[in-house]
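Across the two complexes that follow, chain A remains constant while its partner is chain B and subsequently chain C.
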Partner chain A sequence: MAVAAVRRLAATAPVPVFVARGGGTGLLPVELAFDARLRLVVSPRHATVLVAAGRFPGPLGVAVDRVHDQLPAPRGTLWWTADVDGDRPAALRDASVVTDADPVGSVVALHRDLCLGRIRSDAAVLADDPPNRFEGRGDHGQGGEGMMGGVPWGRPMAMTGDDRDGLALDRLPVVLGPFLPGFPNGLRVHAVLQGDVVQEAKLEVLDLGSGPRLDRLDPAAGGAQHDLRWLAEALRLAGLGALAVRAARLARAAPAPASRAALARLVRRSGLPAAWSGVGVIDGEDARARLVRRLDPSAPEGRSPGPSLERVAEVLVGQDWSDAVVTICSFDLPTDRAEAVIEAQA
Partner chain B sequence: MTAQAEVWAAPLLTAGVLAAGAYVVAVLDAAVAAAVSGAGIGRSVLAGPLRRAALLVVQQPSATERPDAASWALAPALYAGLAAAGLAVIPWSASFSVADVEAGIVLWGTVESLAIVAIFLHGWSANTHQSLLAAYRFLAAGLSYLLLSMFVLIAAAIPAESLQLSRIVESQHGLWNVVRQPLGLPLFAVVALGSSTWGPLNLADGDDLSGGTTADVSGRPRLVWSGARAAMLTSFSAMAATVFLGGWQGPVLPGPAWVVLKTLVVLAALVASGHLFARVRTERFVTVCWLVLLPLAFLDLVIAGVEAL
Partner chain C sequence: MLSVLASASAAFGSVLVAVFLARGWRAGKKGLWPFRAPFLGGGISETHAWSRFHARYYPMTLVFVAFEMEMMFMYPWAVVFVEEGMTAFADMGVFLGLLSLGILYAWREGAFRWQ
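Then we have the complex of A and B:
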């Protein structure tokens, strides 16, 4: 009885949604934040509904499967796509498909049905097996040297190595991405960390496929709209979720200059530009400058093509991981852009 | 019977106040978020926290690969317990506090230092990257802000000539410490935000690290952790009200009502800061802490000492 009452209450909660952005969506899914019936969450562990937005060919599909299995039960999946004939990874095989502009209604209904037990929670799609063979190699059978190193269960363990202060500390190889907060679509970082300092970094963009797009930016207002979506993502990263919602709402409608200016004022007062100053400098421009440029509604060209992935990787070395995330986000790397496609066609 | 009732009344009162405090924090947070986002404050602000809590009750707790299971389960409980221990020393009126220990300030200091352990443990024990990275950066900040608290609280104890909180409240008769030692409250607010890992000092559970120490936590453990963070913020606000805003003292209304009112004012300010100010950068915060805030805290102590002479 009490359990049923709790389930009914849970069914009315704002739906925690984790969005995996694939190919052909750009930053469009960021706009979902505007709707009070949803809560965009930053970890799949916090979500009941996984919204897989766009195309997921090859390795990106494997990544979606992995994220899918991290959602706690009760969980469900929606595939939001303009291309229903595209690659369909295991996690999306039984998912409901939404092709229209607004998936919110479907998300809310899915959450309600899951909480009330009307439909079954998604089963895991990956086997719970170690992806790497490692047993029996090395001193302790973990595959490395001594008590360190090796790749047990597919996770590389730390080995010692020289650091910037001349000490020999643990170096941990990690692979982060592709669906992390602030990361552009399909980006994956192969990094070696000592503590939280990046020692080596390599950036990789997974194949995003090609075909019809979900985000069709108006070429006239597209730049401003994209900047607002980017701002929503950046503000969420900085812990300013409420301002991110405001930016997402502005991105949905062609905003009056006054409301954009009001948002810019709030962002300037939040101390975010100061927090980003001196971070991720390339060609004399830091993350702060890139943020401020996009805040200004009168600036015609907020966007630039962005530096190469190799140059960004160089800048990441020596930063702590939090700064590395800010750096990556601040560049707004054009991994998957509607306007890039428009330009290519023109 | 009466003696037994008294034994149970104290912990029940503390737990009740903290639970109510956590709910109020969630409501205030939703209200400020609605106002800042421009959505407008609706009735959902009141029911929202209960609905979200219900969802976490229904949700399955996450498992990770080889976690330190005991620490992972104990960290939220330790954190909540610390919030309760801290609240216990708050005097509610001239004659009543749950535990008016002689060295109340020292006990509070223990709560602050152990809170750092609980938060680090929460990030460390999941055995996952993002939560450990968040725990690292929190620790760097935590070791930096902790000294501020000791200086400003000792400064508040000087005019009272006692480490006992009831005496510190009495010493503010006629002149609150917020006026006598104007640096104290803002510096203590920094410690409050850090220890509750809230708003601009939410380094442990930040969205940029996928939720930090909570990145791999779901279901009931997450509910306990979120509740404990809000409870910690409540305890800190009550402490700020007691040490800097005259505690239970005030006209007309009874003492406990003044404590509640003043606590709510501090709470509202702290919660609002979370939506108006961006998260600090760890490296810069540590620098500012040691080079600016710590000297200011020392100055606060000197001012209190000179005044006492």
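Then we have the complex of A and C:
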């Protein structure tokens, strides 16, 4: 009785949603960003519903499987796509499919059914095994011999290396993305971290497939819309949620210059430009300058293509991870997002 | 009668706790490897994160702890301040002045720089 009441209450709460953007979606799906019935979260740990938007061929599909299994139960998956015959990774095999322009209703319904126990929580799709076998092997069950040998908890020990600060501490090789908040679609970073400082970085764009797109930008205002979507993503990344919602709302249609100017004023007052000052300098331009350029409604639309991935990777080395994410987010990297504008203008 | 009731409820409570713990332990045994992998946006970590890294707040912390301890001297001082008057005020002024020189020195040496 009491549990049923709690379930009913939970079913009416805003749905915590994690969005994994695949190919053909452009930037942050604004349809999901400003709706009060949803709450976009930055980690699958906080989500009940996984919205997989777009195409997920090959390695993108593997990544979506990993993220899918990281949602706590009860969890549900929704595949929002314009191409139902495309690649369908294991995580999306039993997912409800939405092809409409607006998936919010379906997300809410899925969440309600999950909370009320009408449908079962998604099962895990990956094997329930550690990355390497270790249990019961070696002197101490660490999967090997000696102090640094073995794979305790399935992963090898970190090894030391020289770092930026003249110390020789442990290096942490990680593969980050493509579904990190603020990352352009399909971008994956192979990084070596020490603490939160990037020691080595390599950027890679995963195959995004081809076919019909989900984001339909207004041909006349494609550039302005794209800028606003970019701004919504950047503001969300900076923790300015209310401003991000405002930008996302404007990005739905061709925005009026007056409302864009008002948004630009608010962003300037928020202190974000100052926080981004001096971060990620390429060709004498920092993240602040790139932000200010986007805020200007009179600026010519049509963006120059961003710098090459190699140049961005060079700038990332030696940065804190937070600055590295700001640097990556501040460009129009040559992935899916730039393509969206080109298509809209053609 | 009361003691029997108390023992019965204690026994019932213990059984309940044991059942919940056992259920939690069993649930924790299955389906967790993919779930408890660190969230890296669909990527993976090649080593685990039991790593030594540069604690860059370290000098700042030391300076903070040192100066926080100096503030202990202000408690006895506050007790005698009313009796002693201006003398105590001047003494504490000299003490805090010396401490401020220490802060300026730490500042010059870059202890407050985050790098």
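We take it that the second predicted complex is superposed on the first by the 305 of 346 C-alpha atoms of A that agree within 3 Å, B and C clash if a C-alpha of one lies under 4 Å from a C-alpha of the other, contacts with A are read in each partner's own complex, and residues count from 1 in each chain.
By definition in this document, a residue touches a chain if its C-beta (ideal position, glycine included) is under 8 Å from a C-beta of that chain, and two chains touch if they have at least 3 such contacts.
Computed from a predicted model, the values in this text were never measured in an experiment.
Colleague: Quick one: classify A:195 as touching chain B (first), chain C (second), both or neither.
Modeller: Both partners, chain B and chain C.
Colleague: With both complexes superposed on chain A, which partner does A:256 reach: first (chain B), second (chain C), both or neither?
Modeller: Neither chain B nor chain C is touched by A:256.
Colleague: Is A:97 touching the first partner chain B, the second partner chain C, both, or neither of them?
Modeller: neither
Colleague: Which partner does A:177 contact after superposing on A: first (chain B), second (chain C), both, neither?
Modeller: second
Colleague: Mind working out whether A:4 is in touch with chain B, chain C, both or neither, as first, second, both or neither?
Modeller: Touch status of A:4: no partner.
Colleague: With both complexes overlaid on chain A, does A:36 touch chain B (first), chain C (second), both or neither?
Modeller: The answer is first: A:36 touches chain B but not chain C.
Colleague: Counting only touches as set out at the top, which of chain B and chain C does A:269 meet: first, second, both, neither?
Modeller: first
Colleague: Could you look at A:45 and tell me whether it touches chain B, chain C, both or neither (first, second, both, neither)?
Modeller: Both partners, chain B and chain C.
Colleague: Scan A:20 for contacts with chain B and chain C and give back first, second, both or neither.
Modeller: second
Colleague: For chain A, give the residues common to its interface with chain B and its interface with chain C.
Modeller: 43, 45, 70, 72, 153, 155, 174, 176, 180-181, 195-196
Colleague: Quick one: which bits of chain B touch chain A in the complex? Just the residue numbers, please.
Modeller: Against chain A, the touching part of chain B is residues 32-39, 44, 47-48, 50-52, 54-55, 57-62, 65, 129-130, 133, 136-137, 199-200, 202, 206-211, 214-219, 222, 274-284.
Colleague: In the complex formed with chain A, which residues of chain C make contact?
Modeller: So the residues of chain C in touch with chain A come to 30-35, 37, 39-56, 115.
Colleague: Residue numbers of chain A touching chain C in their complex, please.
Modeller: 20, 43-45, 60, 62-64, 66-67, 69-70, 72, 124-131, 152-159, 163, 165, 167, 169-181, 183, 188-189, 194-197
Colleague: So in the complex, which bits of chain A are touching chain B?
Modeller: 6-7, 9-10, 12-14, 16, 36, 41-43, 45-46, 48, 70, 72-74, 115, 153, 155, 174, 176, 180-182, 193, 195-196, 236-243, 245-246, 249, 266, 269-272, 275-276, 279, 320-323, 325-326
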